[in-house]
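Each of the next two complexes has subunit A plus one more chain, namely subunit B in the first and subunit C in the second.
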Partner chain A sequence: MLPFWLILPTVAVLFTIQVYPALYTVWLSLQTREPQGWRFVGMDNFRRLSGMGVFGESIGHTIVFLVGYVSLTLVIGFFIALLLNRKLRFSGLYVTLLFIPWIIADIIVGIVFRLLVMPDYGLLSGILQNPALFPPNGLSVLTAVPPASWVGNFPFPPAPAMVYLIMAASWRALPFITLLLLAAMQTVPTEVVESSRIDGANGWQIVRRIMIPLMLPTLVVAIFSLTLSGMNGVGMVFSLTGGGPGSSTEVLSYMLYTLGWRQLEFGRAAALALLIAAVNWILIFATLRVTRVEERNN
Partner chain B sequence: MKRLWTLMSMVLLMSLVLSACATPVAAPPAPAGETAGGEASASAGEVKDFTTWYQYDENNEDPASDERVGNQYLRDTIPAFNEAFAGKWNWVNQPKAWDRMAAELVAAVQAGGDVPDLFEMGSGQVTQFYRNGTMQDVKEWASAQPWFADLDPSAIAACTGPDGGLYCVPVAERPHLVYVWKDRFPEGFPTTPDEMLAEGERLKGEDLYAMTFFGSTDFDGEGATRGVWMTISSFGGTYDDGAGNMLLNTPENVAAVEFLRTMVQSGYVPEIAFAGGFQEENAFKDASAGAFPTGLFGYRYVNPLTAPNGNEYTKGNEEDMLDAITAGDVILSTFVAPEGQTPGCEVAVAGFGIPVGATNPEAAFDYINWIMSPEQNVTWVLTAGGGYPALLTTREMDAFQTPFYQQAGKVLSASACRPWAGSMERPQEAQPLIMDAVYKLIKEDPTADIATTLQAAQDEYNAGN
Partner chain C sequence: MPSVSRKRWNSWLVNGALILICLIALLPVATTVLISFKGERDIIRKPPNFFPCDTPTRAFDPTACRWAIEGYQRVLALKPADDGLLPFALTGNIVRVYIPNSLLYATTTALLVVFLAGMSGYAFSRYRFRGRNLLLVGILAITGVPLLTNLLALYQMGVVLRKAQLPFYDDRMFLVSVYMGFFLPLSVWIAKGFFDAIPRELEEAALIDGCSPFGSLLRISMPLALPGLMAVFLLTFVNVWNEFIAGYLLVAKNEFKPAMFGIYEFLGQNIINLQVVAAACILIALPIVVIFVFARRSFFSAMIEGAVKG
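Our next item is the complex of A and B:
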């Protein structure tokens, strides 16, 4: 009986803060609210969700955001990690400075980035809205309309506001990813790198043929961690673009927020939350699978 | 046997946890009069907390805060209330963000959590609260009060839910109108759309803009209730068919959107109008835009001001706009309307609701009666509420005979103001749909067919009816 009593507090806490809310969300997704109370509507919330024009748009925006955010953060993070991996003077100071964005709340980052490019009044608007630099009319980042799509209804190329949102989100995520990659880089045996250099490999070949394969498990974790945080984060969208201009930065997590906390459509919001949770589960299982395969290979 | 015992313990524990967390069945909104008469008030000598949710925060003394006027009001008024009800009530205000307080309240009521005794609300939330069983019906209690007969009937109608219950007590009416920099329009503010376009072209030649307005889709389509609705209603248009359905694809609405599209695409509206976060106000503050359609209560927020003639109004509070109006730099006007149409606008009501599950509704009743006393009523309307008093006798008082209120009175008597949501029962869903459609048409895709886009938004809403 002792093991049972020992794990009981943990089980109770998990049940209260995870299992019960999850079951409640499932129940909520099958209900609608009326003055007299909740009414069972079956799958109607899912049907109405799929009928919302903004739902399809949000899926496209989420994909664009995730691809941009993950790839930009990884590429820049990798190069910064490469630089820090060299024996530089004051490298401890650089790492400390690098960590600053990570300790700022994403909602604050969003506000600061917004103030920088506020049309006509932002710190950078004088440069960005200069027609000589950005012909023909200058660039108003937060209000410029998206270019015509190349791929049917899919939002690509993205609106300038989406590109800016990706940049802001990447800026904040860079410290964590850089340190993660730096730690992985430092586990790459220096003898292997040195011997490959003696064999005539150039820098790019060393990175591509030696470092990336040896860092693969960490890279996979970084990719999925970024994807999960990008998929579920709402603070930056909330404070930077508010989903606009129009709906061009409305991602699924922000749509969930507006459905639930602005429109008070808790049933449909719960339905959307379940769909997002399903995608999260797929990502988590994929991460676990890949890392286990890697462990086995090692 | 041991396993069975373990299993039973687990089931028992889980059911205890579940019952502790379970959502209590929401009690149907009981007529508040019953509560008032049925339960004992605070017993003699025992001071009870009276909890309110305001969008204002008495502890925020930041002179740059958007809500500085309301914050100051609470700082001044809480001690006065506590003195008036010494030994009975102690007013505890819990400040809430204006765009999230309704959601917090609905969630709190449905979850059986802590709710305030009194909630500062607008008539635009009545349907939403009614659908969610959030507010008590105070009709029985309110209609028995001496001030009730003095209320503007349209304010009472705005607080009335679909079932005929009264879900808020109206204190101030907040119509919308146009703030105009007089010197930007030497020939007077235009009265027709064609004149407005001509003025827009003239001002563009001077690197200025004819008007700024809430043109973004921010705050879940809040813009649909402001300048866009003023335009639509001034063109004789509507958002609903009077029977609960959305009605967007009408010739009047198409003409109104066409007008807004021309204004935007011709460069008569500044880019900041589409940035969201109420940043569109900036273009009026520095007079780069000549006009600004917004709520009458907007005077509290739009400051400091720099007039076209260089006059500066820099107190940084609600007095700036009032001073500019008194000096004649800013005038109030109706919006433009085609020949044969009366300029339209939004009108909403600000007041109080008593949530289902309020601990001390008697305190809320005492508070509302206190606010309805002449002195407190004037103060609330001028500061926390903004707009016109819902009590007709209060309108006659000196405080509402200033140049600002005199001008506003003339403008509003020449306008046909009505609530934008009309008969729609899901205004919070309608709002973003309308604003997204209008934004796409006037800003994002100036070649899109207006009627088709409006019809698509209309069909999407009506599919949920």
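Our next item is the complex of A and C:
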């Protein structure tokens, strides 16, 4: 009986805080709030949500954000991991220093990056707002309107604020991804790398033909985990851009907040939460599958 | 020996590149420290200058730097006080209300998580029982679930609980439970990993010597697992300290809100006074950075333990 009692508190907490609210969200998404209480409206919330113009816009912003965030973090993280993947006297020091951004809260990272480009007073705005460097009027990152879209309503090219948001988010996510990739890189047998070098492969060929294929499961896990954190991270949007200028950095996670807590549209917000949760679950199960396949191969 | 010198040259190049990357990585932190030590006069300059060290004749004069601590003074809002242990009192909301709140939430949650994760991690590591695999996979699956999508339901639950007017209940308990629910799954996996590494024979010897199963858990395994449980504590502490959105939305009264809300509120109040905002950022983030630098091994071992599984 002992294991039962040891596990019971954990299961009770997880059920109350994770399972029950998830089911409750499903129920909420089928209701609407009225003065007398909740009323069942079926799929109405989903229909009205998809009818909202902001919803489509937010999906566009989220896709742009995710593509930029995931690819930027992955490429730079891979590069830093390559540099760290050798015997270095100070690698412990490098890893410690590189890890500091990861330990700083996302809301503070947002503020730190915001202070740099505050209109007129930010340290970098002296350079960015110089018309000679950024014609014709200089670049005010937090207030510049997004450029005209190239593809219908899709927000591409993104607003400067979105590019900056991606940079800030990547800056914070880099340490973890670097360490993840470094750990996978160290499992690539050195004999394979050495022998291919003797056979005349150059650095890029080794990365492309040997490292990337051997690290594929970890790369996939890294992509999924970045997508998951990018999809659900909202603190940085709060403190860095507040969704603006206009709605150019309003991603789905921030829209959930405005819909639920500003407009108090609980039913529709629950529908949106369910859609985000569905994406989350797909990512989580895909990750579980990949790691399990990897375990079986080992 | 051209290959040796080439190798050495390569190693210099790699080290140089890594030093450069570290500097770039820490640049935003450095600029925040820099801003926090500027005076108001240098903050509102247009165009802004990096160092408050220029004189009418020279662009940079290290002897003429106008470093100031008014940013910190305004965050702390020191006032003389006759009662109490210290001759002064900290009256700034961030240090008087929000940081103590965060300290309370982070410590309480981390202690409870260590306790629960220790118990269930031990059970999962040592016992084979019906439903074990199902539970483990279930916990693994919700390890990745982000807080965001459950917030709406949790908010409604909070409203109902608040209306019920339970004795001794306030939003702080609810928030700690929510944090527990979200940081427990990973901690269970980490704790299980650490228990897996402790040889069973030690416990068996204690059982043969007449120790009860619970006693052997308490006297033999727990002390051996202490480094692992410490890692769980630190990771949970940092996670709670850094969490913003739940602390912001699930707590009704401002006096119960955590430091991350405090800094967000502060940002809205100090639109021009960047030095005050920067000082508040440093004050809130510094304890965490210090903990991390001193206990980094603990963090890395917990992360490796967690990353292997999830």
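Note that the second predicted complex is superposed on the first by the 273 of 298 C-alpha atoms of A that agree within 3 Å, B and C clash if a C-alpha of one lies under 4 Å from a C-alpha of the other, contacts with A are read in each partner's own complex, and residues count from 1 in each chain.
We adopt the following convention: contacts are C-beta pairs under 8 Å (C-beta built on N, C-alpha and C of every residue); 3 or more make two chains touch, one makes a residue touch a chain.
None of the values given here were measured: they were computed from a predicted structure.
A.B. asks: Taking subunit A as the common reference for superposition, should the pair subunit B and subunit C be classed as clashing or as fitting?
C.D. replies: Superposition result for subunit B and subunit C: clash.
A.B. asks: So, does A:Ile210 touch the first partner subunit B, the second partner subunit C, both, or neither?
C.D. replies: A:Ile210 contacts neither subunit B nor subunit C.
A.B. asks: Is A:Thr16 in contact with subunit B, with subunit C, with both, or with neither (first, second, both, neither)?
C.D. replies: both
A.B. asks: What is the contact status of A:Trp261 with respect to subunit B (first) and subunit C (second): first, second, both, or neither?
C.D. replies: Both subunit B and subunit C are touched by A:Trp261.
A.B. asks: Hey, is it subunit B or subunit C that touches more of subunit A?
C.D. replies: C
A.B. asks: For A:Phe4, select first, second, both or neither according to whether it touches subunit B, subunit C, the two together, or no partner.
C.D. replies: both
A.B. asks: Go through the superposed model and pick first if A:Arg33 touches only subunit B, second if only subunit C, both, or neither.
C.D. replies: Once the two structures are laid over each other on A, A:Arg33 reaches subunit B alone.
A.B. asks: Contact-wise, after the overlay, does A:Gly53 reach subunit B, subunit C, both or neither (first, second, both, neither)?
C.D. replies: In the superposition, A:Gly53 touches subunit B alone.
A.B. asks: Classify the contacts of A:Phe90 with the two partner chains as first (subunit B alone), second (subunit C alone), both, or neither.
C.D. replies: So A:Phe90 only meets subunit C here.
A.B. asks: Name the contact category of A:Ala161: first (subunit B only), second (subunit C only), both, or neither.
C.D. replies: Touch partners of A:Ala161: none, neither subunit B nor subunit C.
A.B. asks: Could you look at A:Ile223 and tell me whether it touches subunit B, subunit C, both or neither (first, second, both, neither)?
C.D. replies: In the superposition, A:Ile223 touches no partner, neither subunit B nor subunit C.
A.B. asks: Can you give me the overlap between the subunit B contact set and the subunit C contact set on subunit A?
C.D. replies: Common interface on subunit A, subunit B vs subunit C: 4, 11, 16, 20, 24, 114, 118, 120-121, 129, 260-261, 266.
A.B. asks: Could you please specify the touching residues of subunit A with respect to subunit B in the complex?
C.D. replies: It is residues 1, 4, 8, 11-12, 15-16, 20, 24, 33-37, 48, 51-54, 114, 118-121, 129, 140, 142-143, 145-146, 241-247, 258, 260-266 of subunit A that touch subunit B.
A.B. asks: Which of the residues in subunit A end up touching subunit C in this complex?
C.D. replies: Spelled out, the residues of subunit A in touch with subunit C are 2-4, 6-7, 9-11, 13-14, 16-22, 24-25, 28, 80, 83-84, 86, 88, 90, 94, 96-101, 103-109, 111-116, 118, 120-123, 125-126, 129-130, 171, 174, 176, 179-180, 183, 225, 228-229, 231-232, 234-235, 238-239, 253, 256-257, 260-261, 266, 269-270, 273-274, 276-277, 280, 283-285, 287-288, 291.
A.B. asks: Applying the document's contact rule, which stretches of subunit B touch subunit A when the two form their complex?
C.D. replies: Checking each residue of subunit B against subunit A gives 2, 6, 9-10, 13-14, 17-18, 21, 23, 25-26, 28-29, 99-100, 102-103, 106, 110, 128, 130-133, 163, 216-220, 270-272, 274-277, 279, 282-283, 288, 426, 428-429, 432, 436, 439-440, 443-445, 456, 460, 463-464.
A.B. asks: Mind listing the subunit C positions that touch subunit A in their complex?
C.D. replies: 11, 14-15, 17-18, 21-22, 25-26, 28-29, 31-32, 34-35, 43-50, 116-117, 119-120, 122-124, 126-127, 129, 135, 137, 139-142, 144-157, 177-178, 180-182, 184-185, 188, 213-214, 238, 241-245, 249, 260, 263-264, 267, 272, 274, 277-278, 281, 284-285, 288-289, 292-293, 296, 300, 303-304, 307, 309-310
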